[in-house]
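Here's a structure for you.
Labels run A, B, C and D following the written order; every chain starts at residue 1.
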Amino acid sequence: MVRFVNVTKIYPGQTKPSLQGINLEIDRGEFVFIVGPSGAGKSTLTRLIYREELPTSGQVWVGGINVAKLKRSQVPYFRRTLGVVFQDFKLLPDRTVFENVAFALEVTDASRREILRRVPAALELVGMRDKANQRAQELSGGEQQRVAVARAIVRNPSLVIADEPTGNLDPENAWQIMRLLLNINQMGTTVIVATHAREMVDALRKRVVALENGTIVRDEERGVYGYA
Amino acid sequence: MLRSWAQALRQAVQSITRSGLMSLASLATVSVSLLVLAVVACVAVNLNLMARELESQLEIRAFLRDGVNPAARQALIEQIQALEGVRSVTFISKEEGLAMMRERLGEQRWILEELEENPLPDSLKIELADPHQVVAVAEKVAAFPQVEKVRYGQGVAEKLLAVTRAIRIAGLAMVLLLMVATVFTLANTIRLAVEARRREIAIMKLVGATDWFIRRPFVMAGILLGMVGAALAAGLVYMGYQYLVRFLVTNLPFVPVAPPAELMQPLGSGLLALGALLGMVGSWISLRRYLRV
Amino acid sequence: MLRSWAQALRQAVQSITRSGLMSLASLATVSVSLLVLAVVACVAVNLNLMARELESQLEIRAFLRDGVNPAARQALIEQIQALEGVRSVTFISKEEGLAMMRERLGEQRWILEELEENPLPDSLKIELADPHQVVAVAEKVAAFPQVEKVRYGQGVAEKLLAVTRAIRIAGLAMVLLLMVATVFTLANTIRLAVEARRREIAIMKLVGATDWFIRRPFVMAGILLGMVGAALAAGLVYMGYQYLVRFLVTNLPFVPVAPPAELMQPLGSGLLALGALLGMVGSWISLRRYLRV
Amino acid sequence: MVRFVNVTKIYPGQTKPSLQGINLEIDRGEFVFIVGPSGAGKSTLTRLIYREELPTSGQVWVGGINVAKLKRSQVPYFRRTLGVVFQDFKLLPDRTVFENVAFALEVTDASRREILRRVPAALELVGMRDKANQRAQELSGGEQQRVAVARAIVRNPSLVIADEPTGNLDPENAWQIMRLLLNINQMGTTVIVATHAREMVDALRKRVVALENGTIVRDEERGVYGYA
């Protein structure tokens, strides 16, 4: 599903690579945690997958596609096959919760009926259905995070990438989101989660890829968080 | 497809009404620009009209020797009419000549009241098809033996032509300059609107919106703004021009003016089309660099 | 205090250069607005000048009866000079009258060449201190027994005055309208700049910046933009006006124009001051509602 | 230092109060955790302290000042006595790390020399000194959070309010930030931390105020996180 071949990423204007010599293969249907200290390159790795950034060298393959080779006009259609939870949420502050989630469907020219069927269901799953008409800027940090998760899953993508999806959540809500991701994983969706949530990583014993200073230092099936 | 256009229109209207103050500002800018443009166009059209009128008044007057009989006169008229660049030749008897002079002098016709007899000779009024040939035609006419003297405002002719040309060039330059300024203002207005939604555009791209999907409401908003601004400008110009024409016709009846109805109809539709075009082009350009995510 | 002003100036320049394109847009808008303003001002000044010239040409001509001897004439001149509203009285002999007419007719002076003897009487040229009193003075002059006829372009006088007044009012209205449009455009330009930094302003407030601290760089930027825009406009107008004057003096020497140096010096400093003021007021206003955090 | 008297907060346009009948007293020099599920009102409570929001009813006293009674022109001077870490960081994205921290001093018209002395020291404390010249938008989430902490402490405030200061950090960096807050608390600064970091709350046994649905449900000296 996702394959990194010798990927190095140096942001423009930087000298130190944020990722270096990454080789990684994630199969369809896997559930993978990306862990590592702050600044290790976790977000950069996810950005390469949904092509917010292009690799400086090496190749990134997603679902059989070399993302660097995608034509500009094909990028939107590629991104529609993914669900992404951004570390900074990336919600539209002056739109309502409903509109923010419906947004992901509207850009695909989905029908009104489909929007009215799917959005409430997604909001229900993250426990935000009763706040559907509140504007994003009026939400608490954790509520925004849950809306971001709802938007990522509303299109039923075959790959979900979640960058720190529980950072602003209390343990109970955090577990609920994680259970949600496990559920959709069980239904066949590939899930990649970058996280600092040690307790959860340790409890779930899923595959763990550990980054440090831009390189993979550990890649274990049924791994643990493994930091102090 | 139709549905999505309707949706884009709704979004455009929404985005215009939502950012109320900013849209008002854009509207005002577009209106002011197009208004100036329209005013310049009106001025140019009328200056042009005036220049044409002045040019058309460039006529040659040929004074006949005493004693040219009607038959010889008729022959002369036909010969002159055959010259290249001549549109019409009219005979003016000495009496008609005096009457015309009296009229032309207007309030100062008392000068002629003192005359005891008509000092004017018979003459021919030669109107030209092409005012630029005035000198050439005049020389040919002067060569006829029946003609005593030729008058065509030597010197004035050249000056008048120079002024006319200058007026046309200046008018065109002004219109072009203002066109560019308008495009610039409009594009920047929309670019600022885009700037304000930069974050939103980046997010749209990241969740898989096509460039066209993102562009649509902006382009629609641009067109709407351009057209509403144009309509405002057209309305103002129409009112102002009508008032001006009424004033001129009453107070300076000898100044030629383009009739409002005739001028305003093409100007109005032109402004609307221009507004729409400018809005579209402006928004299209403005979005270019924001779509690269 | 001084240090912080210097810092604000640095920040203003920084903010202008950093948001390069947006600043360019503002600059262009300000320049275009002030340019139009300046053009209108130039036109108004010159129309005014023309109107004044036309008004000053409103003179009364009193034609004397045959046989008024020099002594009686002198007495009459003194009596007229004593009338209210009269600036000067000049005697014009019949010969001078003919010469003046010849000159006035210009290219058409051939009309007079046909005359065998001078049909004109002696006359007095009466110039007025106040052109509005032309009718009253003319009536008083006509009442003198030595005067046969009085001419002052009845009807033309009233019309000319009406046109003059209309030109002045229209010019003033246009200048005022454009002033408002300029203020509007400038304020909105700065408001858009503020809008783009809304987040930054909110953060500044939250970490304890005073309103004045936040306002300073914007106000400075506004003043700078206003002044640079004004300088551009002034430069363009200066060049254009000089060219125009040179053209007019060469081609239409009888049209009165304000000399460039005399007009441009006050206009230039006026534009600069206006630009600075508009920028300051505009930025001040624009910030009001963003400071409430 | 901080006293809430019968405080209720209803955001404009909302019907349900986000805080209701809050009575709370925090003494000078205390270290207090505010805990509670997502949307409980933790951020709202901190916003009332630094007067981003005004209470709908009741009074908020900070350092002997009734914040609702402050004149508009005095608010900046009041805020300068506080250090705040915002849940969404509130950094200026196009400024460098150094400029973002210096910013808090510049608004007080501090001298250049003081800025050059204090800013690097604060960046050192949060481990961001080597990224001083990188722009905020080019930082990882955790790096941004550390810069936000540096900005909050650079003015040596007598009260520090931190809303979720470790949400984007790996455990090691999280502990470093927490130790930093404990340090400045030991030097006499009052510290209020809203957090979901159960492990840390449980380990430190400081005073814990628990919010649920806008009301205080628990207030213990040497408390624990106490949620699932």
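For the reader, a short list of remarks on this structure follows.
As a working rule, a contact is a pair of C-beta atoms (placed from the backbone, for glycine too) under 8 Å apart; a residue touches a chain by one contact, two chains touch by 3 or more.
Worth saying up front: this structure is predicted, and the values here are computed from it rather than measured.
Listed here as common contacts of chain B and chain D: A, C. Most remote chain with respect to chain A, judged by CA-atom centres, is C.
Chain B and chain C, compared by their mean Cα positions, are separated by 24 Å.
Centre-to-centre separation of chain A and chain C, using mean CA positions: 67 Å. In terms of their C-alpha centroids, the spacing between chain C and chain D amounts to 62 Å. Chain contacts in this assembly form a single closed ring in which each chain touches exactly two others.
Of all possible chain pairs, those that touch are A-B, A-D, B-C, C-D.
By the touch rule above, chain B contacts chain C in their complex via residues 21-22, 25, 28-29, 32-33, 36, 101, 107-108, 110-111, 114-116, 119-121, 149, 151, 153-156, 159, 162-163, 166, 181, 184-185, 188, 191-192, 195-196, 247, 251-252. Within the complex formed with chain B, the chain A residues making contact are 50, 52, 72-73, 76-80, 82, 84, 86, 90-92, 103-104, 107-109, 151.
Residues of chain C touching chain D in their complex: 4, 7, 18, 199-200, 202-211, 213, 293.
If you check the complex, the residues on chain D that touch chain A are 11, 13-14, 35-40, 42-43, 87-88, 134, 138-143, 145-146, 163-164, 167-175, 196, 198-199, 225, 227-228.
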